[in-house]
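Below you will find the structure I want to go over with you.
Naming follows writing order (A, B and C), and every chain is counted from residue 1.
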Amino acid sequence: MNTLLHVDDLRVSFPTRTGVVEAVRGVSFSLGQERLGIVGESGSGKSQTGRAIMGLTPQQAEIRAKRLEFSGIDLLKASPAERRALRGNRVAMILQDPKYSLDPVMTIGRQILETLRTHEKIGKSEARERALDMLAAVQIRDPKRVYDLYPHEVSGGMGQRAMIAMMLIAGPELLIADEPTSALDVTVQLDILRILDRLVIDRGMGLIFISHDLRLVSTFCDRVIVMYAGKIVEELKASELSRAKHPYTQGLLNCMPKIGTSRHPLPVLDRQPEWLL
Amino acid sequence: MSDAVMTRREWLLTDRPQSRLQARLGRAYLTWSRFAANKLAVIGLGIIILLLFVAAFAPLLSPYSPYIGDLKNARLLPPSSTNWLGTDDQGRDILSRLIYGSRLTLQVIVLVAIIAAPIGLLVGTAAGYAGGWIDAVLMRITDIFLAFPKLVLALAFVAALGPGIENAIIAIALTSWPPYARIARAETLTVRNSDYIAAVKLMGASPMRIVLRHIMPLCISSLIVRVTLDMAGIILTAAGLGFLGLGAQPPLPEWGAMIASGRRFILDQWWVAAAPGAAILIVSLGFNLLGDGLRDALDTRSGGQ
Amino acid sequence: MTPALSIDRLRVVYDDFIALKDVSLTVDKGESFGLVGESGSGKSTLLRAVAGLAPVTSGTIDVGAKRLGKTRDKEFYRQVQMVFQDPYGSLHPRQTVDRLLLEPLDIHGFADTEKRIQRALDEVGLGSGFRFRYSHQLSGGQRQRVAIARALILEPSVLLLDEPTSALDASVQAEVLNLLEQVRRDRNLTFVMVSHDLGVITHMCERLMVMQTGAEVERLEASDLASRNVTKDYTRNLLVASEGFVREP
């Protein structure tokens, strides 16, 4: 298995007027043609890690790393134009908050169409066919209708799937999926995961799957990274997530309500200061 | 001890303000420091403040009367130590006329902004929020206005209303609101279906209240930017009308009219037309720089983070 | 006893798409009723129709003893409030928490606003330190707390919850769920709650309805889910799917 992505000691900090916010504090991992899960609570730096790899970090942020390399290309040294070219074709990211990422005044179909046509020179009607196929592929019933709807006219889950469809069009080698299924019902969730799974198995895509759904991550991914306050506190095989050693990971697992158990109130995380170190 | 000695800066920037005022001031300070980081924008602001200053203290600053010249001895003098920018064909000191002219320029700008921006804001947000036939009617009217070049339309209005500075202002105002309406409508369309507007509806707020208190504040910053950037165009239109003799009437020292009267001597006494030309250029530039700076500073989408 | 909310053969049509096909439902006072189902099956539409945000074509909605008409009056909004799915989209980006909470009080002409805002913030565990923050200065969980505080400040009797925790991570979800349970107990509230997490639904609700393509599939007790006592294939699929991903060999 060849390694697609090397991340060594990645740091992302935001100089704000009230001091420096260190969003990511020394994250290292490498990714082959596999599914890597990143879990952790809100604000632990999962999205910022993904964005740094994509080159989508806000301008004012400072990124440092000993090594940040995608299939032989040093991402830190790449010019903005090179990164844009990479972003368009070889790496893609499904952003969190689909409602924010979709343009509220353009129909879903138009948005997919535009993405498609920036990648390939194809005719209008063919592009439309492809966009409809894409919508059908992400399990949207009645793609023809959804094609002409505006973002506020589709359900939460449909918006999220439209985003996924847009990102899959380019056929990336590396896909960073930031909470791609948080608004989907469980059966559609699995359908989407199956699509991603096929891309990894058949096309050798590398997948970084960011999620706070530990149950999904543990059954879907190969490896899992657990983040807390910008650092990796634990890395383990996904199937062994339930045997995690770190009290933080155990706490996260423990506070999910499960069918058939009744715990009122639910236990909540008791954060310890030493986890920050 | 750290909480006892809080600097003023920390007080402004704290992420847990203690009062409405503190929250608002903190936000204003953030906007200001973003603005101040942009050197060109500060230069633009400086130019505009200078304009305000000159207009306010025109009688004190101008060495001579702007209206009464020395026809016998002082016609068309070149710049010198007594008349820094020379004199015009009536023997009037050009610098003094420019200084008094800043008042007219300012009057035009302020009145146009006061008339046109609210009209545009109201039409745009109402159309965008109401949708349906109200939107269609309002936007068709806007389109009609937009279809004509501004100066031509202003000319038509002035021709109908009669020449004069007040009519010029009205004409310019009537021709400048449509772009603002478009901006406000576009902005309204992006927010009208958002959850936070639905949430306000669920509080029982009337459509009027939603538009006035929740949608308009979101449109205002892009409108301010646009109006500021338009100022240059407004000054030029006013000058254009003045130049064509349809704006300010002699002997008012309006800059455009001054260029018009100076053009007869452009080859031999170039300073007569060049001085007001330069003034228009500098003030327009000032507004453009200011507008650019405001655009970055007021960018709401980043949420001020 | 009159139920807190009763919906009879409710139909919602957008253009010519039927988003909700004659769905009926009654929820007793103090009960918590769950809605689960396929994405796009009309769960949000059902809540929005009750709240007056979706066009009702036919059918009736009664809140308490009162039948709702086409438009909702102010009185209605003091009885029914809603919490939206996306905590990032449901707070006005240019208003402080204080202003957000003041707005409903202002609209309904309350006098003791100071006290009420303070109490609402305390109730959701935010304290006054957060009162003058803008929404971008809050985390997702804190935002959702503000949204809950805003919904509770008019002291409604029915709370519509549209996936209130799906955008939150597990630890924050537990905090918000505990909060919701507590306010429901304290105020004897009626909940109608949408979630796609069956664990959350069985934790929070006594009864639930499974929906697909705008229609009811079946109606269950929460305990039925736990004991796998379901009759319809779709529900069974949901139960299987909520076990997690299974890779086909």
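In this text, a residue touches a chain if its C-beta (ideal position, glycine included) is under 8 Å from a C-beta of that chain, and two chains touch if they have at least 3 such contacts.
Keep in mind that what you see is a predicted model, and the values were worked out from it rather than measured.
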Pairwise touch network: line, ring, star, complete, or other = complete
Request  = With contacts defined as at the top, give the pair, A-C or A-B, that has more of them.
outcome  = A-C
Approximate Å spacing (C-alpha centroids) for the pair chain B, chain C = 47
Note = Taking each chain's mean CA coordinate, chain A and chain C are separated, in whole Å, by 27
Message = On a C-alpha centroid basis, what's the spacing between chain A and chain B, in Å?
response = 45
Request  = Find every residue in chain A that makes contact with two or more other chains and list them.
outcome  = none
Inquiry  = Where in chain B do residues touch at least two different other chains?
reply    = 15, 194, 305
Note = chain C touches at least 2 other chains through residues 85-86, 89
Request  = Show which residues of chain A lie in contact with chain C when the two form their complex.
outcome  = 40-43, 97, 99-100, 140-141, 145, 153-158, 161, 179, 182-190, 193, 197, 212-216, 218-220, 251-253, 255-260, 262-269
Key: chain A-facing residues of chain C, complex   = 14, 17, 36-41, 44, 85-86, 88-89, 139-141, 163, 166-175, 177-178, 181-182, 196-200, 202-204, 213, 225-227, 237-239, 241-247
Note = Listed in rising order, chain B residues that touch chain C in their complex are 15-20, 22-23, 27, 194-196, 198-205, 209, 213-214, 217-218, 300, 303-305
Request  = Would you pull the chain C residues touching chain B in the complex into a rising list?
outcome  = 51-53, 72-74, 76-78, 81-82, 84-86, 89-94, 96, 98-99, 103-104, 107-108, 129-130, 132-137, 147, 150, 154
Key: chain B residues within the chain A interface of the complex   = 10, 13-15, 30, 33, 186, 189-191, 193-194, 302, 305
